[in-house]
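Following this line, the structures themselves.
Below are two complexes that have chain A in common, paired first with chain B and then with chain C.
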Partner chain A sequence: MNLLSWLISPPGVATVAFILVVVVTILGALIAVSARNIFHNVLGLVLALIGVAGLFLFLNSPFVAMMQILIYVGAVCIAICFAIMLSEPMYLPKPPRSSFKTLGAVIGAGTVFAFLVLLTKKTTWTPAPERSTDWSVTTMGHYLLTEYVLIFEVISLLLLVAMLGAIVIARGGRGAS
Partner chain B sequence: MLLFNQLETYLYVALVLFFIGLYGVLARRNLIAILISVELILNAASLNFMAFNRFLAPHPAVGQVIALFIMAVAAAEAAIALSIIIAVYRKLKSVNVEQATELRG
Partner chain C sequence: MEFLTQMLGADVARMVVGLIAIIALVSVNALFLIWMERKVAAHMQLRPGPMEVGWHGAVQTVADAVKLMGKELITPTDVDRPVYHLAPIVIFLPVLLSFLVIPFSQTLIIRDMNVGVLLILAFASLTVLAILMAGWASNNKYSVLGAIRSVAQTVAYEIPLLITLMSPILMVGSFSLADIVAAQERYWFVLTQPLAFILYIVCATAETNRAPFDLPEAESELVAGFHTEYSGMKFGLFFLAEYTNMFIVSALATIFFLGGWRGPFLPGIFWFLIKVYAIIFLLMWFRWTFPRVRFDQLITFAWKILIPLAFANLLITALIMKLR
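And then the complex of A and B:
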């Protein structure tokens, strides 16, 4: 089977799409940490999050992918944009980057990276005896309201407390009117 | 064996995301940029959970529930962190972490 006919077969198309999604993810992450302009950082984060949502689609869970785009891209990134507009004046000159600090960060993060790569290589992953094939949204809904209902409630409580805390902190702490 | 049907592929992608996020946390000095890097790290973690759930765990939903939980915690964390950033900016007129040295003895 030659390459071209493999590329237009369904597994070939899926593989090409997967590589594209991975490239988008990594590229977005690189922009998110390396660009000087903070708005470009946020746009890179959006790109990376959309890429991760695509990876979730490849992992058979469209519901989580949808939530990823809805919550992260729709809520968190917009909130970050608002915080940028409220805090940092864009026209101020930025302090230069020290190459010493960048080198230290690369070494520190690279050590952890090398350790984790070795760990992933050395481990033999034993697959589960039976893999579930039921990935539908209906199943997720049933689990969220029966087996994991406590987690569901705790998430709501956490979000409520975080919202109140954010309001209290942002309007100037205790005693401010 | 297809590329997108192996556990290791997802683990390596998550590793690269984690590396980039950790580098950002260590190297950047803008508080908002540090928050963005933390979001990348959280995404790497939830990608790992989803991959393990897909390939290793027999239970259909536990990884997805954990991924949703991570998303909610990340949203709460972002809200709190952004309000703290705004409070810090109001106090110091800067969001650079190296300016926030008021507790230095």
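And then the complex of A and C:
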């Protein structure tokens, strides 16, 4: 009875929601790396990204959560699907998974994970200085173009590099290959 | 944390009632729209359309729905099973969620969120994923072709759609749909943003996969496109999602450009529904007026005409806002 009343109280609901979101994220990530059908990989990625959007929602920023779904699920994953259509046909037998590569991936991911855990443990967390409740578009736009303008510019540089890369790859055109 | 607590703790009852109302609205709307589509199509071709079941065939769709539910669900042998079964659900859930933020009248709104527009657009972008899942998992060349066309089309049309909606948002300075309606107290935005309205209607037609942009399900070329292999109520869910999508894009057009629930004499909800169904009628009218475009025409039109126009509109809006 006590557990039940906790479950329907706001903190209880929030905790259950958090666990659900984390499970969805991890499950999606596992599907994304382990499924053998490349289309299932993308769907796993979609699930993981929706889970991450849930985490953003949990961190009290619905704007970022919606942008996450709109851009990562709605645009990036669809772009990946485009890439799949250009890749090898799916009816061919799939080559066996190379255990060497799997091991390398596990070690690489494990190192990053251990590093992040250490980093989280070592850091003394202070609340962000500007915890404001005003998250209107105007405020966010002001922040992006004043305080955080460097980040904004760096991201646009990243996009520029990506675009240049795409042009370099595609420059040969169809006739060249 | 605060956001979730606020959402779930304070008004669970409101959410439950709202969700039930949404499901009722979605079903009734689809039944009505299918009848309306058949009637509009028939009268444009100088024939009466369904006449037998009920007054002027008004209950025909109910009979069809009962038939559809009684049908056997056939699963073809070589489908990609989990994805095949998930696709109808994935296409239906997001359109259901979009109703959460739509203001039907001044007070009739389940939850006014300050990211309302983004929520609808984000969930609308999931539709294409479901179409891709359905087409791919069906293991049928017509389905895959339909799905591929749908992806290319949606990628092309989502960009001008988003940019177009940015102009009215810039004028209001808020993503909340209630705020956008509130800002149209003196005049409707269709008067100040006529180009944006036209662009939006074009993109919305493409977004809902309707003629002249119905290439993903062009029945004379692709049987039924991405849902060729679906039968019974699974096909029914695709159908339901399509008509609900029509309602949502028309509701967005109403909220953004036609003043939402504003209007004299009648209560807000009546004005809202009148405007929404007027836009839906316009979309149906398009279907029986314009021939289907060719695929390269469709893509070229989006990238070379719609996107530059939408950008120009946004720039001019920003300039006027700044100078005023």
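Everything that follows uses one rule, which is that the second predicted complex is superposed on the first by the 115 of 177 C-alpha atoms of A that agree within 3 Å, B and C clash if a C-alpha of one lies under 4 Å from a C-alpha of the other, contacts with A are read in each partner's own complex, and residues count from 1 in each chain.
Everything that follows uses one rule, which is that a residue touches a chain if its C-beta (ideal position, glycine included) is under 8 Å from a C-beta of that chain, and two chains touch if they have at least 3 such contacts.
Since the structure is predicted, the reported quantities are computational estimates derived from the model, not experimental observations.
Novice: Mind working out whether A:P62 is in touch with chain B, chain C, both or neither, as first, second, both or neither?
Specialist: Touch status of A:P62: second partner only.
Novice: Contact-wise, after the overlay, does A:G108 reach chain B, chain C, both or neither (first, second, both, neither)?
Specialist: In the superposed model, A:G108 contacts chain B only, not chain C.
Novice: Counting only touches as set out at the top, which of chain B and chain C does A:H40 meet: first, second, both, neither?
Specialist: After superposition on chain A, A:H40 lies in contact with chain C alone.
Novice: Counting residues of chain A touched by each partner, does chain B or chain C come out ahead?
Specialist: The partner making contact with more of chain A's residues is B.
Novice: Taking the superposition on A as described, I'd like to know which of chain B and chain C A:M140 touches: first, second, both or neither.
Specialist: first
Novice: Should A:V13 be classified as contacting the first partner (chain B), the second (chain C), both, or neither?
Specialist: second
Novice: After the superposition on A, what does A:A75 contact: first (chain B), second (chain C), both or neither?
Specialist: The answer is both, since A:A75 touches chain B and chain C.
Novice: Where does A:L27 make contact in the superposed view: on chain B (first), on chain C (second), on both, or on neither?
Specialist: Neither: A:L27 stays clear of chain B and chain C.
Novice: Is A:I151 in contact with chain B, with chain C, with both, or with neither (first, second, both, neither)?
Specialist: first
Novice: Could you list which residues of chain A make contact with chain B in one structure and with chain C in the other?
Specialist: Touching chain B in the first complex and chain C in the second, residues 11, 14, 58-60, 63, 67, 75, 79, 82, 135 of chain A appear in both lists.
Novice: Mind pulling up the chain A residues that touch chain C in the complex?
Specialist: So the residues of chain A touching chain C come out as 9-11, 13-14, 17, 37, 39-40, 43, 46, 57-60, 62-63, 66-67, 69-70, 73-75, 77-79, 81-82, 85, 135-138.
Novice: Quick check on the complex: what are the chain A residues that touch chain B?
Specialist: 11, 14-15, 18-19, 22, 25-26, 29-30, 32-33, 38, 41-42, 45, 48-49, 52, 55-56, 58-61, 63-64, 67-68, 71-72, 75-76, 79-80, 82-84, 86-88, 95, 97, 101-102, 104-106, 108-110, 112-113, 116-117, 120, 125-132, 134-135, 139-140, 143-144, 147-148, 151, 155, 158-159, 161-163, 165-167, 169-170, 172-173
Novice: For chain C, which residues count as touching chain A in their complex?
Specialist: Per the stated touch rule, the residues are 1-5, 8-9, 80, 82-83, 113-115, 118-119, 121-123, 125-126, 128-129, 132-133, 136, 148, 151, 154-155, 158, 169, 173-175.
Novice: Would you pull the chain B residues touching chain A in the complex into a rising list?
Specialist: 2-4, 7-8, 10-13, 15-24, 26-30, 32-33, 35-37, 39-40, 43, 46-47, 50-51, 53-61, 64-65, 67-69, 71-80, 82-87, 89-90, 95-96
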